[in-house]
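Labels for the chains are A, B, C and D, by order of writing; each one numbers its residues from 1.
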Amino acid sequence: MSLDVEESIKQDIDLRLKDIAKCEIQRERRLKLYTGKDRVIPVLGFLKSYGFIHLAAISCVDWLDDGEFEIVYNLWSYRDKAGILVKTRISRENPEIDTAIPIYEIAETYEREIHEMFGVNFPGNPNLTSLFLEDWNGPPPMRKDFDTRKYAAEKYGMRDLTEQLKIGMDKIKGVRDGDEIL
Amino acid sequence: MGLFKFSRSRSLWMMHFCTGCGAIEMPPTMTSRYDMERFGIIPMATPRQSDLLLVTGYLTVKTLKRVVRSYEQMAEPKYVIAFGSCTMRGGMYWDSYNTVKELDLYIPVDIYINGCMPRPEAIIDAFIKLRDMIDKGEANAWKNYRDNLDWYKQNQAKVFDINKWSAKI
Amino acid sequence: MAIIIKILEYILIAFGVAILGLIYGGIGRKITARIQNRYGPPFYQNILDVLKLFGKRNEASHGVMFDLGPVIALTGILTSLMFLPLGSSTPLISFEGDIFVLFYLLVVSPLGMALGAGEGANPNATIGIARGLTMMLGYELVLFVSIIPLMIHYDTASFYKLVQMQGTFPNWNFFPFFLSAFAGLIALQGMMGLQPFDVVVAPHEIASGPMVEYSGRFLGLLQLWHAIAVIVETGIIADAFLGNGGAGWFILKTFSLFMIVIMVAAIFPRFRIGQAVKFYWKYPLIIGLLGFLVLFIWR
Amino acid sequence: MRYFEYFVGPQHVGVTGNMSYHLWADGDEIKKMITSVGYLHRGFEKLMEYREWVKNVPMVPRICVPEPDVNEVLYAMGVEELSGLVPSERAQYIRVLVLEMARLSAFLFYFAGAAGALGLYTIPQWTIGDRDYILDRFEELTGGRAYHIYTTPGGVRRDLPDGFKSRVQETMNYLKKRLIDYDRLMFENAIIVKRTKGIGIIEKDYAMNMGVTGPNLRASGIKADVRKDDHYLVYDKLDFDVPVVGDGDIFSRIMQRRLEFDESIKIIEQVLEMMPDGGFIEKLPNPIEWKVPAGDVYVKLESSKGEFGYYIVSNGEEKPYRIHVRGPSYTHGIQVAQEKIVGMRIADVAPFLFSLDVCPPDIER
């Protein structure tokens, strides 16, 4: 397999975004691009004009140990048939990154979700209301320090069924020992 | 009175509310292969007209509010069939932060169907069981709700703000 | 004395017609089911449904008018039943001009429904009412246009006389006035509120429309209204175009018409309300107007 | 100006699942809509972080209910790419077979929904009844009707049963026969054409900018298919067309699926013919202690609704660090529907939403 298309994309990106972004080829039809928090919008603007018109998703990864959130913009070019992951890191203390709506209109919903699930703020996004959760009172649930098991046990506490289980187990045992006719 | 009871068990109108993934086995049950209209069960568009609520799978808190509200709008006598493991003890989502685990804490349940997800045969079996239960006068979960309203409301209040979300009976 | 017997007779007829209408509905469901490759409910299913609805413990009420709505609807259709000759039998009330009264009375039921559902204040019901009344503009016109040639031809406005003068099999109005009959049949489809004209209930759009808030006994009354309406509506077409005859023939004719309507409904999707009314004002109306030509040719 | 407020869902026949729309209408014309999703949010992405790599296999199919196999295959593809496993060719062919059968069953579901929304209640009865024959084949192959949990990282769980190929071929022949009836009743029905032509148009450029994918994008006139562009499994060895209808209205979206239905049958027949012999699963490490090497990967494939994608991040532990699921309905279910529904009639809301094939569980996960 040849990586001609990927190489040429990398060359173009390196040429245009030499100082602000680092590009690497992951595999066939997949590239990665690392950039700084403040440079994301110009980088995305360039990539869109380059042909990456399809924003497939915006993901967020919580790197708890590093104290950072990683925002991953997932782009695809219908012309070159290649995808690129644009990654940037923002601090966990004050998570804030400019909205990508001016470039990709569809970013609105993705940013809304990340705002709700991670508590990342997107200045410029007019619609940062809750998307999936309603009357949510806990911390943003997708953060690594949110323990869903503890939260679920506290909120939805299940009934203790050990007694019933014991009765059931005794029945099974009785059947096994031949006390009861099957 | 016997005639009313007979007709009650043979004409169950179910509410068209797909609350979870169990809803994927409802269309086959409704349509030509399994055809539940044989038993007089047809989907109805609104809670007012329906007798049977099918909780098809896990309920998120957001859906639970709507389910409770829809359930309270149904005219008595009304019956509830809950689908799948996730309505019993949380099933696959036992540690999820957004789904309720035991459904009968919040609304009364006549019949649980186990499995993930129940096959159409299991669903039809549940319908037949419910029919027998109504004939024998055992399907009384709705009376239970009426009698123990405080207990149910108390449980609902643990999960959401009932003053905001649930109608007063 | 005679009047008491007549009233008793009428009550019996009304009861019988209601049961008959429910059984038609059940058989209709069965036929639809067979078209759809399935077994279908028993033919008495609709009777069970109504019984169940009357056996409900409580129902929601939104005020006096809301409760009265179904009653008005049922009264309207029962009154129109008084004017309808069931085959060759004399209707309870018959006078010169009763066709107009019958047509007026047919509007009472939807209006009663509209008044009742309107008080429910459910947006779905409101849209459903608006659609129902608009729909009436479509099919009523066509129905009238299809009946008028008969009235001119027999020179009477009494339904009973019209049916009597028409005679039995080879003398059916259907043969000379087949264009009018065809228009009437299309109007029947709309009157019964079935596809492609089921815009009023349209579950996918407005969740069963005007009936959205009704439950229990009120819904039961509405079901009864529907059952009687089936007989009255098919009865009008059967009487006007398919000759007179005994009660057995009447049942056979209305049932055949009902079957045609049900089968057409099974294979058509739904019009948008605008399209439905436009459709009525175009093809069936033109066909109905062409029906007038028969008057000039035949006479 | 005060508008008429009107709710569609979550308890409503006219929604494509458990979601709701808040509409403002002026007479019969929609002026504004707000989508409300989240009724099915189970927090899959969080739950997957708490489970071992193998334990997630039965978890993922629950994400998209009408077409669960895409999730299994995607998850397997992602884990394989991270850990350097390559499934045997036979396993890849079986995966294609499963995917295409799932696509057919999802399309039959789609026809049922679209016809039901238009009031043609015979088609749902037929298509969903016929879909059961595909489910029968699935049951024979995997043991499950709805959720199959058949594809695992490294291959598939078991080999094809004896005589399976001929029975799949029989099912395909039956479906081909039935399609004639469907065509007559639905796709050539004058009223359906009248109801759906020119309504709910999604323009080409708009669709591309809003991230609409799959059949909806092709119905708008762009020839893009993940199976061709980002070919995975053995799709590059198979011969099939990508039909493009191109008008972007409701009718073309329905027709798009109808044409792709034929292509999927074609693919299945080819797969049955070309399937090589060989093993069906690679040797896997001890599943409890399986540590997938650190790294991140975005895998995607073409589902019946559009581009389904998994972004999987591993930090070299027993459990995934983060999995982001890109559901195809995410774009057209929320923003596109919200913007394009303005100006439509109330009667067209349900057909429009059903024609877009919005699947709430893959939006909300």
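FYI, a contact is a pair of C-beta atoms (placed from the backbone, for glycine too) under 8 Å apart; a residue touches a chain by one contact, two chains touch by 3 or more.
These numbers were taken from a predicted model, which means no experiment stands behind them.
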(message) Measuring between Cα centroids, what's the chain most distant from chain A?
(response) C
(message) Of the pairs A-B and B-C, which shows more C-beta pairs in contact?
(response) B-C
(request) Could you tell me the distance, in whole angstrom, between the mean C-alpha positions of chain B and chain C? (result) 36
(message) Averaging over Cα atoms per chain, report the distance between chain A and chain C in Å.
(response) 58
(request) Round to the nearest whole Å and give the separation of the Cα centres of chain C and chain D. (result) 44
(request) Identify all positions of chain C at which a residue touches two or more other chains, and write them in rising order. (result) 36-38, 124, 203, 207
(request) Would you pick out the residues of chain D that each touch at least 2 other chains? (result) 12-13, 38, 41, 43, 46-47, 50, 125-126, 129
(request) Send over the residues of chain B in touch with two or more other chains. (result) 16, 31-32, 45-46, 62, 95-99
(message) Which pairs of chains touch each other in this structure?
(response) A-B, A-D, B-C, B-D, C-D
(request) Name, in rising order, each residue of chain D that touches chain B in their complex. (result) 10-13, 17-18, 38-43, 46-47, 50, 58-59, 62, 65-66, 109, 112, 124-126, 128-129, 131-132, 135, 145-147, 361
(request) Spell out the part of chain B that touches chain A in their complex, as residue ranges. (result) 61-62, 65, 89-90, 94-102, 105, 158-161, 164
(request) Note which residues of chain A are touching chain B in the complex, please. (result) 132-135, 138, 141, 146, 148-149, 151-152, 155-156, 158-159
(message) Applying the document's contact rule, which stretches of chain A touch chain D when the two form their complex?
(response) 26-27, 29-30, 53-57, 59-62, 72, 74, 78, 81, 83, 85, 104-106, 108-110, 130-134, 141-142, 144, 146, 148-149
(message) Quick check: in the complex, which residue numbers of chain D touch chain A?
(response) 37-38, 41, 43, 45-47, 49-50, 81, 208-211, 213, 222, 224, 229-230, 296-298, 300, 307, 309, 311, 313, 321-322, 324, 326, 330-331, 334-335, 364
